[in-house]
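By letter and in written order, the chains are A, B, C, D, E, F, G, H, I, J, K and L; residue numbering begins at 1 in each of them.
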Amino acid sequence: MAGCRILILHGPNLNLLGRREPELYGRQTLAEIDQLLKKRARDLDVQVGTFQSNSEGALIDRIQEAMGHLDGILINPGALTHYSYSLRDALAASGVPLVEVHLSNIFAREPFRHHSVVSPVAVGIICGFGEESYLLGLEALLKMITKRQD
Amino acid sequence: MAGCRILILHGPNLNLLGRREPELYGRQTLAEIDQLLKKRARDLDVQVGTFQSNSEGALIDRIQEAMGHLDGILINPGALTHYSYSLRDALAASGVPLVEVHLSNIFAREPFRHHSVVSPVAVGIICGFGEESYLLGLEALLKMITKRQD
Amino acid sequence: MAGCRILILHGPNLNLLGRREPELYGRQTLAEIDQLLKKRARDLDVQVGTFQSNSEGALIDRIQEAMGHLDGILINPGALTHYSYSLRDALAASGVPLVEVHLSNIFAREPFRHHSVVSPVAVGIICGFGEESYLLGLEALLKMITKRQD
Amino acid sequence: MAGCRILILHGPNLNLLGRREPELYGRQTLAEIDQLLKKRARDLDVQVGTFQSNSEGALIDRIQEAMGHLDGILINPGALTHYSYSLRDALAASGVPLVEVHLSNIFAREPFRHHSVVSPVAVGIICGFGEESYLLGLEALLKMITKRQD
Amino acid sequence: MAGCRILILHGPNLNLLGRREPELYGRQTLAEIDQLLKKRARDLDVQVGTFQSNSEGALIDRIQEAMGHLDGILINPGALTHYSYSLRDALAASGVPLVEVHLSNIFAREPFRHHSVVSPVAVGIICGFGEESYLLGLEALLKMITKRQD
Amino acid sequence: MAGCRILILHGPNLNLLGRREPELYGRQTLAEIDQLLKKRARDLDVQVGTFQSNSEGALIDRIQEAMGHLDGILINPGALTHYSYSLRDALAASGVPLVEVHLSNIFAREPFRHHSVVSPVAVGIICGFGEESYLLGLEALLKMITKRQD
Amino acid sequence: MAGCRILILHGPNLNLLGRREPELYGRQTLAEIDQLLKKRARDLDVQVGTFQSNSEGALIDRIQEAMGHLDGILINPGALTHYSYSLRDALAASGVPLVEVHLSNIFAREPFRHHSVVSPVAVGIICGFGEESYLLGLEALLKMITKRQD
Amino acid sequence: MAGCRILILHGPNLNLLGRREPELYGRQTLAEIDQLLKKRARDLDVQVGTFQSNSEGALIDRIQEAMGHLDGILINPGALTHYSYSLRDALAASGVPLVEVHLSNIFAREPFRHHSVVSPVAVGIICGFGEESYLLGLEALLKMITKRQD
Amino acid sequence: MAGCRILILHGPNLNLLGRREPELYGRQTLAEIDQLLKKRARDLDVQVGTFQSNSEGALIDRIQEAMGHLDGILINPGALTHYSYSLRDALAASGVPLVEVHLSNIFAREPFRHHSVVSPVAVGIICGFGEESYLLGLEALLKMITKRQD
Amino acid sequence: MAGCRILILHGPNLNLLGRREPELYGRQTLAEIDQLLKKRARDLDVQVGTFQSNSEGALIDRIQEAMGHLDGILINPGALTHYSYSLRDALAASGVPLVEVHLSNIFAREPFRHHSVVSPVAVGIICGFGEESYLLGLEALLKMITKRQD
Amino acid sequence: MAGCRILILHGPNLNLLGRREPELYGRQTLAEIDQLLKKRARDLDVQVGTFQSNSEGALIDRIQEAMGHLDGILINPGALTHYSYSLRDALAASGVPLVEVHLSNIFAREPFRHHSVVSPVAVGIICGFGEESYLLGLEALLKMITKRQD
Amino acid sequence: MAGCRILILHGPNLNLLGRREPELYGRQTLAEIDQLLKKRARDLDVQVGTFQSNSEGALIDRIQEAMGHLDGILINPGALTHYSYSLRDALAASGVPLVEVHLSNIFAREPFRHHSVVSPVAVGIICGFGEESYLLGLEALLKMITKRQD
């Protein structure tokens, strides 16, 4: 596990966390979530890079830059989840295991949020647990990377 | 009303106004429309900022920057109207009243233009009146802001 | 503009305004809204006639009577919006510009209210601003009539 | 229960009862059914008014007239069941409990009869029992009014 | 055939014939078409009554009044074609052969005009031949009545 | 009527009545409802057997056991309403009149509850009146059995 | 009208007329219908050619051969009505007025028969009158040809 | 957390784990997974009960028995995920937090597996991580219970 | 059974059997299958005629020629299965029992192959057993003919 | 073939055979059909076990018990055909060839019966031949087992 | 490339080229296009055979005749594009690379032309360039054959 | 042709060519393809500019900058093909002929790739030929530009 390199991506509007509808998305800021993730990563002896953007293109650029130096991706695609086939293609092209997470239970919200164009190229999906979705997702991703390396 | 701060947003391709299919979108340029809006704003003693971008991400960034210093948003999302759930989420997250406008009557055009993903988070919608859609939209937005403050 | 003749039509149940679900439709009665519209019309030096009916047939009769003495129609078709192809045909046959208005934002309500069979034959649509939808609609209609006469 | 005022409405073509397809709708005339309902009402010490019309507008007018002097509505909307959003809005606006009845089992007939636009605003629905649907519906309506008053 | 009684019905907006979109509906007025039909009826020694209304309810009333004194119905339901299940039920209840006609070819127009709720209860349908649709429809109806009487 | 044998069936989760979401399903337990039904049955001089199960198979077994000794079935199929074609087939095979009841108005709830696979094989349906749905259903069922025996 | 040349086409299985389901299609054979049509044509002083085939390709070949020597087409496409876009294209390419006829009322039969791929390129449609559909269709076609020549 | 009582449910065919399509579902048996879960539960000082059944009714019975002595449910509903509204209602009625897990990524399989009728009543969903889905699900469930108790 | 006359039809591309995708359709040629069928027919003392064509029209012609001298039809319509309403009508018009067979399991292949327009007019369907589908189909057809003659 | 072990399964309501709608399902009882199947099995020197249940869970249990001692499954899933993904998964998990049979032609009945969730995991399907469907299905299954063993 | 054998197929109505709607399909005749193709083929040292038919069956026959002596197929299926699964199967069975071409941009025309049943079995598709579609298609096909042979 | 100016655009992820799924997209890098295109352009004496971006906004900006200095556009929109109405509007607004190309045959891949929102505003489409799609597209575009200039 040691030395494993993970890219953590946050899609549009996730930089508003803590400010936007806290009853739905929780009261923690994205910076606080990133801190939690980095701390957990240190404990697990893996390297994580985090990146948030409101731009689909910037997220794809970031994925492409990391290609070749990467063992897995953890992503909360925000609302791009529901239509960004470009992001999906970039994630599939990365060639590394992908875990998709959501803070809220997207299946208990508006119908357009029930369908993810990203899920078919992910290893697994975790949603509905607030910031814990990220931490569990990191854990799950590492388990999947380990399993593949076996 | 005095001191009320309004953000006016123009989505992709609206910078082509006056150049692109004038029989559909009219002969006025976006700069001319922005001038009309600013003049009307001065008359009404409100502050307006205007912003156009072809980039979904840049539009979302602009909305987020304005959050906290804003009393309302007037937007013509261009073709993002029909698929940008990310823009919708940013507008909903802004927490201020939103008015959606279109130059043409989108319900009299191609089927894909009949559905707006933005409308459910708007206070109201105005379409079909060319540049007047914007001016009426500004007026409507101010009325709604006043009503809320009552 | 002077001498311009406008027919203002209110569809089924709009005579209940002020009595019916005021949190959704506002507290003003239809008589009060008609007064506001007539006052605005006087200021703008145009003639308006107003008519409400719960009967699709009576609304169509009224449109047909006015044909030939009419420069524009402002209509809130009420729930007929969603199925009355007969009303649509009468409005299209009138040969004058049509503006469709709604008190509430129909796109933020039940799915059956998201589709208007009238919109494709209107010049433009305004919804979501309570009684202001009518006043803005009158203004918009006059602008469109003027533009055509240019 | 005493003094409770109930409006009983019959939609289009129900005045043909006894004449039209008796194997489907039974052999009793509407007048006979109204007599049964009035007799039952006397027994239960409630006042009922009955009204049939082939006109959607007239049915809505009748509901609006009764508003304010009414404790419940019993309606068989006839074929308006399947498309009259205007009637639905009038019934919802009445503010009193509504029971929807049908003589035949609409779910065992043509597909277009399987969907009622009225049901979502009713307290309950009874169908398939011929004239008994009305009598059971009256009974059910009174039970619901009593329950609310408790 | 002699003494055969036919009711000819015209739905909403057909009283505008000759005035409304003549390139689509022809230049003859409804009065002229009724004259043609009456003349043809005299030649064929049958009695015809004609009736136009913009009101669904009035059309149904007229059908019900004629029941028992009627051998066939010829109807152009106008836009009610596409949604009036109440009219359909009245026509079916009449118990006499029904011929549905349209001036224009409804299958070459907007999608909503491609579906008729009346057709399943008609003997036959004729559309696309302008006023000839009516004359051919009358002829066809008489043939069908004769055939049944054989 | 005397000696008439009725089977009353309750589908999955109805044994939770009184415990589960009382604002939706009422505060009476199933045992209390069964008592009410048995008392009413005694008054009407009919025999009723009641049975609840969370198992589709057990419900079908119970229907089959009763076949040949049965004059009618009253059923609240619970959520099996929406998908159990096996239960539907068993009910249809029983050869006796069937009345379907629901405590809540299923047409005012989630979309998946708007469709019943059982309704097409029922004589009639009653829903929305809480425990009264059962009592009215029993009454209706007896009326239908009597009518058939006439 | 004199000298007008009409091609009458019968699609697959129409050669079985008189033999196949006479209660649905009548008892006349295709030869008898062709005789009736030829007799009527002589009375009207027009030339008709008739052709039946079970082969889509042969029907198209026949249309193409006639091109340039043709003033109108009368066709009963049989079941090709519902899927033969190739036949539709051939008919549209012929450049002459087209009348589509059916013996039965296709809108009162199985759902797949409710949609015609030919209708959008026809002048008009006549269905439901047995062999009279053809005779009325011939009459209608000649009227349309005359009208165009005016 | 101590003393927290969790019910772990496995739907149809999950007792085949290790035997059935191991490339899809992994090589561990259900007994082994239950052991892992119990071990983890001991570490976390919570009580878990596990139950597998191929019978929808038995699963519902088990949930109902546990009601009142339960702090959370962890379920892999197997193929019942896609149609068992009865199971959904039982889970919703339990009144405790629910976590839904799947061994495989259901969104990367056949279309019928993309829709879960259970998800809308769950707190969160975890899928795609083999037996880790269960362990992460247990962890997530405890976090959610703790959060609610705060 | 003796003297029973059966027509065996093979639709488009079935003459390629043995050459085309043998892993899907088997290695036997159509001639070999016809031999097997004729041998089986001799054993059963029935007469069979076999016919293959790539032309829908030729298949219909063949069915029509056989009418009146025929006791049953066995058909593998090839890809015509999915759209040839003309073939369906010819088969229905034949008036004799029809058995539809397919070499492969059409429900385990591309979605367009899941729907047969022929099945509703067949007595029964057999698919998925390679050349055995034909032999079982012949057997089944004879059983059905015998049963009818009883 | 000798020693080949076949499990024959009958789904819900098939125990009613002979009693239930004999015009649709035939007059033979299930016991008689099982006798026919056992006799045929003896002739073919194979072992068959038969099992009927109204419970999805019991059918799945029976399949799982047989796993490892089984060479093929013949099933008539009754109405479970149309929704039991759990049964489908059990059948697929069995790892042996599966033949699906139906007494009636399910494609000539109500639309919900046109779709089988079991067919995609079967080798082949036979329907429409009454009890012969089972006998042909047994024969077909043995042919497929033999072919695989070659 | 030398000696490569290409079959060029033209579907229904393409023999009308130059005569039929030249603004849509161009002014060149099919003979002229075939000449261009043959000239280009000579330049490229490949053999081409061309064939046009209005008959689906004849096109399939032609493909089957060429099988075994063929290196590639270039086809414009005309309107068969949209429904001929038989043609699709013949093309797939040919075992050689297939290029599908259209003169017009089928995606800018009527909705039924947007879907091709042939495309999934083609190597590639070219449309919208008039006769150039064929020439580019020939070039593309040869490139693909060469690539495969590498 | 000389001096003709062509803009060649590559959408998201096309910069990964040669690295990403080479069996699907080929082994050539985008730089190599651009070289091939530039070489071909020199041979044809036209100027080409090439541009790739992962950002929808940047692609639209690039199109707008080129407007007025441009004779045609060749675009592979990548996954934006399937949802970017903004890109479509920019391309339509450019006013020059557009050719859409894809490396793979999008109609033989996942269903979401079968629909292009760009195609209706293109002159023509070429897909499935790897890097040859671009070269053929350039050739086709020049032919179309020349044709227009004639």
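The definition used in the following text is that contacts are C-beta pairs under 8 Å (C-beta built on N, C-alpha and C of every residue); 3 or more make two chains touch, one makes a residue touch a chain.
These figures come from a predicted structure and were not determined experimentally.
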item: Common touching chains of subunit E and subunit C; value: D
item: Each chain counted as touching subunit J and subunit L at once; value: none
item: Distance from subunit I to subunit B - Cα centre to Cα centre, in angstrom; value: 64
item: CA centroid of subunit C to CA centroid of subunit L, Å; value: 47
item: CA centroid of subunit F to CA centroid of subunit H, Å; value: 32
item: Residue numbers of subunit G (touch at least two other chains); value: 55-58, 83
item: Every chain pair in contact, whichever chains are involved; value: A-B, A-H, A-L, B-C, B-L, C-D, C-E, D-E, D-F, E-G, F-H, F-J, G-I, G-K, H-J, I-J, I-K, K-L
item: Touching residues (chain side subunit J, partner subunit H) in the complex; value: 55-58, 60-61, 64, 67, 83-86, 88-90, 93, 117
item: Residue ranges of subunit D touching subunit E (in the complex, touch as defined); value: 11-13, 15-16, 19-21, 53-58, 78-80, 82-83, 112
item: Subunit K-touching residues of subunit L, taken from the complex the two chains share; value: 105, 107-108, 116, 119-130, 132-133, 136, 139-140, 143-144, 147
